[in-house]
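Once you scroll down, you'll see the structures, which are given as structure tokens.
Next come two complexes, and both contain chain A; in the first it sits with chain B, in the second with chain C.
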Partner chain A sequence: MRDRIISVLSAYGRLPNPVETLGRDDDLYRAGLTSHASVNVMLGLEDEFDIEFPDAMLRKSTFESIASIESALQRLCDRSQLPA
Partner chain B sequence: MSVETAVPSTVDVVDREPATRTSPKQLAAHIATTVAAPAAEAVDVESRFPTEAMDAIREAGMLGALIPVEDGGLGWPLEDVALAVTELAKGCSSAAMVYAMHQIQVACLVRHGNNDTLRDFTRQVAAQGLLLASATTEVGIGGNVRNSSCAVETCGDRFSLTKQAPVISYGQRADAILATARRTPSSPPNDQVLALCRKGNFTLEPTSRWDALGFRGTCSLGFLLSVSGHASDVLPVAYGDISSQTMLPVSHILWSSLWLGIATAAADKARRFVQAAARKNPDATPPNALRLAELTNALQQFQDLVSAARDRYTSISHDPSQTTSIAFAITMNSLKVSASTLVVDVVQRALLICGMAGYANHSPFTLGRLLRDAYGAQLMVNNDRINANNAQLLLVARGES
Partner chain C sequence: MITQPGSLPPSVVAGPRTDPPFELRVGTDVQVIEAIEASVRRHGRKYLDRIFTSQEVQACGGYDGVPNLLAPGLAARFSAKEATLKALRPTTIMPDWREIEVVQMPGGWPVLELTGDALHIAQELGFVDLQVSLSHDGPVATATVVGVVCRHPKHHEHPATRF
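== the complex of A and B ==
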């Protein structure tokens, strides 16, 4: 999952430095993620993982690090495997 | 029926609501009618700072309105400041704008100035009635205030900063300026901080004049700002958080409250104009009474928009998980676009009602200044930029709230 997140961040995050150089808990906003680029990352993640972030997850803290994105996706993927 | 509904004794009532107590709204209305309004025309014609109104505001302690009582302020909630801004704007849009912009900076200091130095400074703002200005835009960043090109340089316990600011409203009158900049010279453009630039620490070199269509008393010149101060004057929180949690919502709430004041002042002229015509011929409803009815629909929409936005923010302002959400950002952006459009709509309707009496510059029903001021609303943070921002946010929003 982490590699797929990194590839989405590389494609849409418009960060000045390679995403690979960032630690799992590094602050993505301080690394240069703008609010505009963060929406593109959300769209990229939704496509990559075939999910939709609910409004409750659409806040700054959800996308502030690779770890926080991973935990959000984990929750969504777990949820989508529940019987309807 | 119950104890709670028992009629309180007269003594209780008097204790709680002394007859002499003036509400924030009444205080602002008094300053607006007795000081700001009489000077408004001169402020506009001469494009000068609304000195009289700002002195009266300072004397009333209103520069420290948002500062808690224990820190020497008036401890007004944001709602009271918003009501005060509306009242002031009925008298003088420029004075109301200076007051609103100052309060936006105070709100940031009160919520995010979490170190001893900044808390001491906040107390000084209340005690001495200091006036705060803001330097968020910068030459060469394309108007996006969430990007900076200039950077804070720290050396030991000192910081320095040089910023090409295309606008610092009333910069020459300010006792301090809060300026955005990149956190360090190696930080990306969006990794910003907010730095307190105190009088004595900064110099301003004017780079442009201010001779504009409206809000002429805000004296919004461009400057080269140079500052050197103590490192603890840089706010400890990321500007991105200050912006989404406080600066942006408080700006849009106070600005929309201000534009509501402009619209209300125009509506009052229209109402008096129609009523004067009605009194001359009580048998027939004046034809423009219908236009007044239509204007009132728009004005009520405006009032309710502003008060609902105020309530929405007040209910979540202490919960960063909600104020940093996309859903909330969309609502505040939408407030700004709607309010800035409605103000022109209402003033224009008033102009149609008052006719040539509104078009004339020196009639009791003159609407020229209000209309010129109203047009500024869509430009200060351009609506196109805000709509483009919402267009992007809506690509992921679910409309659940």
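== the complex of A and C ==
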């Protein structure tokens, strides 16, 4: 999952330095992620993982690190596997 | 009152004073128009629907508009949303982008309409007015938002219902 997140961040995050140089808990906003780029990252993650972020997860904190994105995706993927 | 050269006027001299009843909040933001255009091309309607109200999209040229013609207006509106957040300074709840809407008045000037969490935050903090100014030229669009917060408890009992 981490590699796919890094691939989306590389494609949509417009970060000044390569995403591969960032640690799992590094603050992406401090690394240069803007609000608008975080919207593109969110849409890119939705396409990549075939999920949709509910409004409740559209928080700045959801996209503040690779770890927080991974955690949010894990919750969404777990939820989507539950029986309807 | 005339002050001596080098001396401070009474209003900025330290000493006992009462806090002013109003506080000004300012937020400003700038967006690269090309980035907004790229998002419209890449994500299309999904992007527009997550960020902008239908009224905002219509004001910029509509859902069938050409991305490079839509982008300057959308970029200015995104700037206005971000500038509003900077003026509101939300701490725990982050409003949905669509809850901060730029509405174009018949005379041509823009005003802000807040709904949902954005309106709730503004009311809780005692905002009594919020004004926005937009501009775009060449590669960038910008917006500035100025808000007036009333510190008097009476205004918190009867908060503004519309901005």
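As a working rule, the second predicted complex is superposed on the first by the 84 of 84 C-alpha atoms of A that agree within 3 Å, B and C clash if a C-alpha of one lies under 4 Å from a C-alpha of the other, contacts with A are read in each partner's own complex, and residues count from 1 in each chain.
The rule is short, and it goes like this: a residue touches a chain if its C-beta (ideal position, glycine included) is under 8 Å from a C-beta of that chain, and two chains touch if they have at least 3 such contacts.
This one's a predicted model, so the numbers in the text were calculated from it and none came from an experiment.
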Between chain B and chain C, whom does A:P54 touch in the aligned arrangement: first, second, both, or neither?
first
Greater chain A contact set [chain C / chain B]
B
Common ground on chain A, meaning residues reached by chain C in one complex and by chain B in the other
35-36, 39, 42-43, 46, 55, 58-60
Residue numbers on chain B that touch chain A, as the complex places them
146-147, 183, 187-191, 238, 240-241, 244, 321-322, 324-327, 389, 392-393, 395-401
Please name which positions on chain C make contact with chain A in the complex.
31, 35-36, 39, 42-43, 46-47, 50-51, 78, 82, 85, 94, 96-97
Seen from chain A, its contact residues with chain B in the complex are 15-16, 29-36, 39, 42-43, 46, 52-56, 58-61
Give the list of chain A residues in touch with chain C in this complex.
14, 35-37, 39-40, 42-43, 46, 55, 58-60
